[in-house]
Amino acid sequence: MEKLSNAFMEEVVKACRPYTAQGEVIDHIPGLDQSHATDLGVTIITQKGEVYSAGEDDCSFSLQSISKVIILLMALEDFGKEVVFQKVGMEPTDDFFNSISNLEDYEGHRPFNPLINSGAIATASLVNGASVDERFDRIISFLQTITSDERVKFNEEVYQSEIKNGARNRSLAYFMESTGVLSNQEAEEALDLYYRVNSIDITSLALAKLGCFLTNHGRNIETGDQLIQARHVRTVKAIMLTSGMYNESGTYAVEVGFPLKSGVSGSIVGAVPGRMGIGIIGPSINKKGNSVAGGQVLRMLSDKLKLNIFHD
Amino acid sequence: MEKLSNAFMEEVVKACRPYTAQGEVIDHIPGLDQSHATDLGVTIITQKGEVYSAGEDDCSFSLQSISKVIILLMALEDFGKEVVFQKVGMEPTDDFFNSISNLEDYEGHRPFNPLINSGAIATASLVNGASVDERFDRIISFLQTITSDERVKFNEEVYQSEIKNGARNRSLAYFMESTGVLSNQEAEEALDLYYRVNSIDITSLALAKLGCFLTNHGRNIETGDQLIQARHVRTVKAIMLTSGMYNESGTYAVEVGFPLKSGVSGSIVGAVPGRMGIGIIGPSINKKGNSVAGGQVLRMLSDKLKLNIFHD
Amino acid sequence: MEKLSNAFMEEVVKACRPYTAQGEVIDHIPGLDQSHATDLGVTIITQKGEVYSAGEDDCSFSLQSISKVIILLMALEDFGKEVVFQKVGMEPTDDFFNSISNLEDYEGHRPFNPLINSGAIATASLVNGASVDERFDRIISFLQTITSDERVKFNEEVYQSEIKNGARNRSLAYFMESTGVLSNQEAEEALDLYYRVNSIDITSLALAKLGCFLTNHGRNIETGDQLIQARHVRTVKAIMLTSGMYNESGTYAVEVGFPLKSGVSGSIVGAVPGRMGIGIIGPSINKKGNSVAGGQVLRMLSDKLKLNIFHD
Amino acid sequence: MEKLSNAFMEEVVKACRPYTAQGEVIDHIPGLDQSHATDLGVTIITQKGEVYSAGEDDCSFSLQSISKVIILLMALEDFGKEVVFQKVGMEPTDDFFNSISNLEDYEGHRPFNPLINSGAIATASLVNGASVDERFDRIISFLQTITSDERVKFNEEVYQSEIKNGARNRSLAYFMESTGVLSNQEAEEALDLYYRVNSIDITSLALAKLGCFLTNHGRNIETGDQLIQARHVRTVKAIMLTSGMYNESGTYAVEVGFPLKSGVSGSIVGAVPGRMGIGIIGPSINKKGNSVAGGQVLRMLSDKLKLNIFHD
């Protein structure tokens, strides 16, 4: 088994960077464009707190779908498992992350799970706070606390773009209003909160810290404070394994074998039980929405460091 | 944490047996009828070979869908991962296990994964042997070897019933012929092999041994022989976690948290990494096809024995 | 063949009224409630201008889905066939009238046809006018002109209810924005216009006049003015035949055999080529959305008066 | 309005033949190949018995989907409307003619209508006869009687090809067995009968006679014998209008406006109420399965001869 080191990290990035050529950078998110097509940044933080990093680990891009993990953690802590999973299921789906058809078919019109768009909007209605402002402040404070990375901040420009290009998500929210999953006010507010959390800038270091927080059962890795109950973190990790990588989740469960969540900005967070958190930034994504080079990094790390939970 | 013992097992069965009342015994499989409605048998075999058992662990019912795990193990060993996953995907689906719609929609018309009916039929075309007889002999011999339970045997009556009630599976097989996933001869033979493997009688002890074989990375737990390569067993376990419990797979990943596969005869096999194999017989199933009391047993074992892999 | 007379009309209403018991009055539209459960009003106006009427022909309820016919007539007249059918198809669908799934699947995400909700919203974006007010004024004036029934007027209370209960339609509109069928402004305005036209009160007399206008190839039956070009009226009638009666359109094409359009308020407009316009009010509807007694009236009229176009 | 004459027919064929270049000849049906790519034959028989013809009206190709009309006529005559429409619906569908998904979703798993593959197979189970041979003999005799064209005969080579390439239809048949629409024996026999009727060779003259038979309310145009009851013929024509041209049926209802049925061999039969039967052979078909040049012929005939039933 390979030993973790910055040299090893450099080697991984070098071996995987060519895969960036197989993807495309999404073109409608401010801050992302072709100039980042070959970017690849990887950071690992071990359970003991050692940090290893290589590549463009100084980039920051918006959270996008990784927001779903944060929102779910908050909703579980605020309302508990029972309430959350009355609004949303915990089953993987074979439809696309922004599918609306499955809301039309599925029992009680609940979203299949909290890691698809409809599910994340439904979950966003279950974050405490007197206003959307207050709810968002709680979320970004939480994220800043567990990452202690000052580059983690709200990106107004991305937020405006989320609103502007948000017709599909509005359609999902109103559909859920029509079936009684959300009230009208809940729909409007959940949508706004969702757009905002999607618009938080994140780095590979901060993602690795998030991964580490999950591996660490919801305790702040620096202070040891239990910020989210361990049983909620366990729930989130299980859903990440079955549904975290869009329509490639099953493949990643086989090939990589630990909880992951990706976003269309090409970011990925990974949580390896008992071992480490992993943060990846790699904006060239494939048609399923996952970073191509990032996926390759994960396969290589899993293989060389024996990280697959189905190994033992 | 609870300590494993036969007394503890008795306690679990006692606590969970009332849940049998929430399910129904399937009525078209020979050997299964209402007289078995309250049956519940549970056997655990630890990695060290200790056996714990309680309830109706002397019953034997046909494998039904658990056959899919055996067929996949054989196909991977015979043809390798690449060939198998050209014919079948590894993604979870939200459609029913016998769905045909998803063959109409999904890329290349491949079945989503090997643990739904279409996927198992496709996989059954990838088991070596000069004839269906020979292919079946290899499968049942393998199963008898790893379970060394003489009650594991072919049930002709169930097989005849599988053929008679097999129109949906024939429909799936011919659909795959029509899209080029299978040739005509492959379709006919795969179907026959699939019916036969479904018709093998199994016990909770044999299921626990199968679970133990998976936990033991494909080595015979008695002789230590490597019968299936470890990397194939890893693949099978990952797919069991995302897709082993029909449309409740995601929920079981959260609530129980280790690889499982259920059958409509109410049987379940479980493989707890580094710990144990679990075999359950509980014929009263819910509408999703899973043993109600068996599911309750799994939740209780996972909880009391800390078996959930997302725990650590 | 039966001869048309008021006595015959009374007989038809008497024979069909008992069928009202098989339906339910929709409960969320102002003006409609259980007190109207047994209402049944039928008016026929022949090509020569003779009027025959029976039952509760003095009731007025909101247009609901019959609005789709009016909007389509205006859009065709304003923008022509080519432009209209770039935004919306002319194919019948087996999905429900408020389905959103079909927008996800169908080529170019166009609504299947202008007589389902998504299609009517798309079509509403193609009515000329400097503002929604102006566009609505043109539509209601047109309707008042061809019906010369002073009871045809805007119902503010229904409109407020349409907005309040309009989440599904908003969801459809935003979905179409997301796929480029409508711009954001078009979506908002089309939705508002659609709600307004749905909220126009109509009577069986006015519906019969509308039917007569269609039979009369777009000429005002009183003044003879050509208000809509004949070829557009022909298009509308063909689509009414294949898609005018929700998911029973095919059955009505067989059983009744002339162009129809129904609304969930239990109203139906019919246009019998060369013969007559028919207006029906019968608020007890079945699960498909069609007036049960109204449907029976149509079958009886078609049969007794030999109105089925496939007869000859 | 244009006057019918052979010269006019020649003109139509000349104007429409270039459209053959926009289609493709299907490549797996014996007798059809690229050498027929520019073929276009049109025959019209008026209600009075006048015959007009132009183009390659001497070609004969297999019936393919037009068989569905013949089978439906026979089933209605043999079992009556009630029995037939318990097995199959009368609603248009937006799915493809060989779709299996809709059997999974639709109420009672009935095929949507008798003019899609599943519906035709179900209908084929409702043709009287002691054996498939006898049932087929009745059908081909009927067709030979109403067409009195000796080129109408069974094509063994096409039949063998139907069986060989028939996996999708077998899949549909077994699916219907699995849902109880057909018994096992019914499924096997219906499938065989369906393959056989698909394999009958037909000419544009024979198709025109079939159209004329439909226009003539089920009376043999030569002898005047009522072979099929008029009310059954009316039913068939209505379903042809809503569902006869695959997923372009709605468009043809608008553009052409009379009952039609097409087959993938590029044939079309048309029945113009009170006027004429039309037979077209034009093997270059579009992606929806309809003859491109044949469709153009229909639009031109409808326009020039004022055949659209929504005209009046």
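In order of appearance the chains are A, B, C and D, and numbering begins at 1 in each one.
In this text, a contact is a pair of C-beta atoms (placed from the backbone, for glycine too) under 8 Å apart; a residue touches a chain by one contact, two chains touch by 3 or more.
In UniProt terms the chains read A, B, C, D = Glutaminase.
Treat the numbers as computed from the prediction; the structure is a model and nothing was measured.
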Decide which interface, A-C or C-D, involves more C-beta pairs in contact, and give its chain pair. C-D
Most distant chain from subunit D (Glutaminase), judged by the mean position of its C-alpha atoms: A
Quick one: subunit A (Glutaminase) and subunit C (Glutaminase), Cα centre-to-centre, how many Å? 47
Express in whole angstrom the distance between the two chain centres, defined as the mean CA positions of subunit C (Glutaminase) and subunit D (Glutaminase). 32
Going by residue number, subunit B (Glutaminase) touches two or more other chains at none
Tell me, which parts of subunit C (Glutaminase) touch subunit D (Glutaminase) in their complex? 89-95, 102, 106, 112-113, 234-235, 237-239, 241-243, 247-251, 253-254, 257, 259, 273-274, 308-312
Touch list for subunit B (Glutaminase) against partner subunit D (Glutaminase), complex: 99-101, 103-105, 167-168, 170-175, 177-178, 184, 187
